[in-house]
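Each of the next two complexes has chain A plus one other chain: chain B in the first, chain C in the second.
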Partner chain A sequence: MARIDLANLAHSYSTRPRGDTDYALKTIDLTFKAGGAYALLGPSGCGKTTLLNLMSGLLTPTQGSILFDGVDVTERTSEQRNIAQVFQFPVVYDTMTVYDNLAFPLRNRGVSGEALDSRVRQIADMLGLTASLNQPARRLTADAKQKISLGRGLVRPSVSAMLFDEPLTVIDPQLKWQLRSQLKQLHRQVATTMIYVTHDQTEALTFADTVIVMFDGRIVQIGTPEELFERPNHTFVGYFIGSPGMNVLPAAVEGATAVVAGHSIPLDRQYEKSSAKTEIGIRPEFVHLAENGQGLPVRIKRIDDVGRYKLARVTLGTLPLNVMVGEDARLSGDTGSVQFDRSRLHVYRDGELVDGRA
Partner chain B sequence: MTLELRNVTKRVESETHVAGVSLTLKRGALNVLLGPTLSGKTTLLRLMAGLDVPTEGQILVDGRDVTGTPVRKRSVAMVYQQFINYPNMTVYENIASPLRVARVPAAELDRRVRESAALMRLDHFLDRKPLELSGGQQQRTALARAVVKRADLLLLDEPLANLDYKLREELREELPKLFAEIGAITVYATAEPSDALLLGGNTATLSKGQITQFGPTIEVYRRPSDRETAEVFSDPPMNFMAVRIAGGKAHLPGGAVLPARGPLAGLVDGDLTLGFRANHLYLRQPGTDAIPVTAKVAIVEITGSESYVHTIFEGMRWVALAHGIHELSPGAPVELHLDPHRMFVFGRDGRLMAAPNFAAAA
Partner chain C sequence: MDKTVNNRAWFMVVPVLVVMAFNAIIPLMTVVNYSVQESFAGNVFFFEGTKWFEQVLHSERFHASLMRQLIFTGTILAIEIPLGVAIALAMPRKGPWVSVCLVLMALPLLIPWNVVGAIWNIFALPSFGLLGRAINGLGISYNFTRDVGAAWFTLILMDVWHWTSLVVLLAYAGLMAIPDAYYQAAKIDGASRWAVFRFIQLPKMRRVLTIAVLLRLMDSFMIYTEPFVLTGGGPGNATTLLSIDLVKIALGQFDLGPAAAMSLVYFLMVLAMSWVFYTVMTRDEARA
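After this line comes the complex of A and B, so read on.
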């Protein structure tokens, strides 16, 4: 396993990039600690796969350098970097048995005999593939094939890092649960640096200790899943993390008061007056729907029963607002009141979180 | 209009893809086909479309047998997982293409293209080429092209599967409204239980080529008619345990006893299976009738606001979904609370015997 440093790194697919917009990945500096579990999370086109391909050596950066344990590997190939990769679609040799598939990366590096056999069996055991070791890979289901891809990455004990590019896309929801928790267990056992690219917040948040949220070629926030949920430092993160995302409402904020759709809302902290675009953010989890008259008046447009909870779609003035309600809640009527959990309310200026004064 | 499948079976060589499916769908309603990969969703859609002919059984439209009628003689539009657009045509021409084939007069064509585009919120992109659009807009273009035909039957095969999570969330919210405006018989195939719940309408659960249940989506979720349906319609997977009913109480493996309350009241002595969802396996006592058991932590997944605690109890793997952050070490003991009021009861044949009583949505 290796510590990976990205220094002044940027990439453009254009041969002669002119402005910022020509860069799929804008200049970043970032460190991945040895043995950490990371996720790169963002929508299509945010630069996450570009970043992954730069680290693996599939792409050479337009600018900057990549260091593995302090050694500059920018010009080295994937093989020289000793990186293992798992892609969206399983990469297995259909005609080989599961055993031979797992043994392949070791045989390629001259490992044989007892060392090879015991390692292959150990990995097969970790992944629950022992029973199918002698079967040809072509007969296996998509999730079993993806386990083999995983196993082929894990089998080399000396890899500097494992990179995952949307590895669960082709897996059924039920099996995703299994593979995801297995991957997390594997990370604990092998302690390799793992970097997982996905647009799916559940996969990113549950797998990684540190999540790197990307948007438009930039890193917008780096944090633990809890930090991203509790204190999104940009309205984009608030929207992107959480399902549904944070409610973001235009507001006028001065002192310890926000005015939203003509209603005054008290705040926990003091804020300067500003001419910047100002919004308040509150997650649907922290808005409470109450009886008429016990908060801000809203119109209830629709209630979606999604099983585990209900989602009330309401409007405050003309502003749409999502409110999460318990599965047992009985709701009636087309008007109600909402209360905001004040400690969970954030103020944003030009999209960026601002810290008020106590 | 109605579409009726009467005892439809499809075999390819020796493999049965769909087995004895009977189903009646009515105009205006959104129907979800929910099932894992290879459960028969795509086969069923192709049979409904007339792209394939059933090995046995009949397909009727408004009572008229159309079993052998090919797709081009039926009023069908289809949208696939991999959105298909003509890359060198504008969005306008993409949407117009089925009408050009049908030689629809120019004025009517223009009106209908603009109408469908507006419905799919594409009005501002009509002059663009598909590749200049986001994935969501490209899929909406494919949807608009399907809608513009005004077919009686609109079939969608995992139309959101290739889209980013957030786009999916937005389209899932918009689509039911759009489908209601179109007024066709809409059939939407997906492997994701959350798709079905957010889309609403009716859901048919599919398992191994058979429909296990068909009804209003939330009712199928709240009262799955058998264990198979409950498994298909649960994400995270439903937790199960085998119990023995004796003296009216449920005896668990390991010796714990659940009182005969809620769905467990009045059960006859014998062996049964209890099922309960992850959010109903508690880390804190939820009510006075709940009982504690001690399980072992396998792994904890934290989403930022909630924790999925994977546990092992008497050899059974259970997932608990708890509010807040719970950092528990693998291998550590954890106290779990089982609430009889939240239990599904399945008989030895897998049929549902009793279900929790939930408040209905307003």
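After this line comes the complex of A and C, so read on.
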């Protein structure tokens, strides 16, 4: 278990990077606390796997340094860093049994005899692999193989950190639930620093205490799942987290008023006038739709029943807007009016959240 | 669903039958026919039953050729397979050198077999061949047309030069098919270079290597042109492999009966080996 500090870290896959666009990971400074459960969340190609591979030592960074408990490990190999990593596609050693697969990382480090045996059996028990210990690993299903990969990470008793690179991608949906909760449980049991890369917000939000949202090689926000939901720092976070994501509407903001599609909306706080691209963001959860009432007039295009609630797709002028309405809401016409929950409304300039004056 | 039965459909397979008849069935049956008859000048034949087969199977000459053949095939397999794997492991996995290496590797495979024989014949000549002059220059007496050891050395070197590339290309294809994640996982697991080879690369190459062994085994068992051009089976009978011996009997001595019987025995051996390998490979696939 270790604290991991990333200092001025950046990476480019090109040997002679010219501009900013050549960098898969742009300069970041970040600290992972010892024993924390973190998720790196972002769309494909945002640099999250690059960041993970830099920490595990599979890649050497173009610039910056990586510190484990204050010790610079930038030049050290994966083995010396004592990192465990589980990959997107399950890796098992085909010619070995499940037992030998689990024992492999220990044997490579010179562990043998009773210590090896008891540790392997303990991990197999933890993952529910005891029954298949003597089977050849190649005959197992994808999820059992992924459990073995996981087991090979867990089997070493004192790893600095465990890194997961979208480990549940190839797993069946119903088993995903099971493995996900097992992972969470594991974190409580072994109390190792765990970092989980995913593009699936549900996985990130259920696994992690702290979620790091990445976009285009940068970190756009670090926070608890609640913070990401309630106060997205960036329109990207608002859009990426939540299903559906936050409504982002172009607006003109001055003082305590936003003008959207020709309608004035009062704001809680005061904002300076600016020439930057200005938008307001509001989550579908915090928009109220009524058939005939006060608020902004909208046209109702469609209402989808998505289970616990209904989702209304409406347009304000020409701007599309998602509104969450109760399961029992009755909307018959094709027009209505919406009201925004003022305390949940955020103003963004060039994509970044701006705090107004009270 | 009702099946339509129309016997005229049989006509559709006639072209295939004709082709097969001319290129396989008739020649093979001619050989079978020869193998049970004694022939004399003027196209006179007498039925001899299994006499030629008994003769071939008890012939010391056949045993000697077969033994030479087994030594040759065993030796080239023992060299070409490990060497091919080693070269494939040493080849770059990406970058501009990949295509350079591949082209270089493919070159020997593109040269006609008799040309390979001719090249090596000249290359190894002690009088002016580069290899022959070089070895003799080192103070080692080397003359492949006179000395049995030198003849075998040259023959095996030639085959290794000609065919190791095939093993390299197959092994390389097998290596390239291994996802990066395996190497990354091995690094994380602290595996040594040897462990990576033993537990990742070798198992993943297993299927292509089976094919490589099969191809080299059968091909070397039937090899004719290159040794014929290089040594002509000599000195003496020192490098007379099965196919060379067969041609000597059939065309040199014109003993059609014994040659036909030997052909059939030879054919059955190759067929049996192919069958064994086919079985091994398909069993492997069923398990995987």
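The criterion applied here is as follows: the second predicted complex is superposed on the first by the 356 of 358 C-alpha atoms of A that agree within 3 Å, B and C clash if a C-alpha of one lies under 4 Å from a C-alpha of the other, contacts with A are read in each partner's own complex, and residues count from 1 in each chain.
Operating definition for what follows: contacts are C-beta pairs under 8 Å (C-beta built on N, C-alpha and C of every residue); 3 or more make two chains touch, one makes a residue touch a chain.
Everything quoted here is computed from the prediction, not taken from an experiment.
A.B. asks: Does the chain A-based superposition show chain B and chain C clashing or fitting?
C.D. replies: fit
A.B. asks: Contacts for A:N8 in the overlay, against chain B (first) and chain C (second): which applies, first, second, both or neither?
C.D. replies: Neither partner.
A.B. asks: Check the residue A:L205 against both partner chains and state whether it touches chain B (first), chain C (second), both, or neither.
C.D. replies: In the superposition, A:L205 contacts chain B only.
A.B. asks: Could you look at A:A84 and tell me whether it touches chain B, chain C, both or neither (first, second, both, neither)?
C.D. replies: Touch status of A:A84: second partner only.
A.B. asks: Between chain B (first) and chain C (second), which, if any, makes contact with A:E230: first, second, both or neither?
C.D. replies: After superposing on A, A:E230 lies in contact with chain B but is clear of chain C.
A.B. asks: Please compute the chain B to chain A to chain C angle from C-alpha centroids in the superposed arrangement, rounded to the nearest 10 degrees.
C.D. replies: With chain A as the vertex, chain B and chain C sit 70 degrees apart.
A.B. asks: Just checking: does A:S332 make contact with chain B only, chain C only, both, or neither of them? Give me first, second, both or neither.
C.D. replies: first
A.B. asks: Based on the superposed arrangement, let me know which partner A:N292 touches: chain B (first), chain C (second), both, or neither?
C.D. replies: A:N292 contacts neither chain B nor chain C.
A.B. asks: If you stack the two complexes on chain A, which partner ends up touching A:A142: first (chain B), second (chain C), both, or neither?
C.D. replies: A:A142 sits against chain B, while chain C stays out of touch.
A.B. asks: Please determine whether it is chain B or chain C that touches the greater number of chain A residues.
C.D. replies: Looking at chain B versus chain C, the one contacting more residues of chain A is B.
A.B. asks: To be precise, I mean the smallest distance between any C-alpha of chain B and any C-alpha of chain C in the superposed model; what is it in Å?
C.D. replies: Least C-alpha distance after superposition: 9 Å.
A.B. asks: What residues of chain A sit close enough to touch chain C in their complex?
C.D. replies: The contact residues of chain A facing chain C are 53, 56-58, 77-79, 83-85, 87-89, 91, 93-96, 104-105, 108-109, 138, 149, 152-153.
A.B. asks: Where on chain B does chain A make contact in their complex?
C.D. replies: 36-37, 134-135, 164-167, 169, 191-194, 197-198, 200, 218, 221-222, 231, 235-237, 277, 279, 298-299, 301-305, 308, 310, 319, 321, 325, 330, 358-362
A.B. asks: Touching residues of chain C toward chain A in the complex: what are they?
C.D. replies: Chain C reaches chain A through residues 179, 181-182, 184-185, 187-192, 195, 199-200, 203-204, 288.
A.B. asks: Which positions of chain A touch chain B when the two form their complex?
C.D. replies: The contact residues of chain A facing chain B are 43-45, 142, 172-174, 177, 180-181, 184-185, 188, 199-202, 205-207, 224-230, 239-245, 285, 303-308, 310, 327-333.
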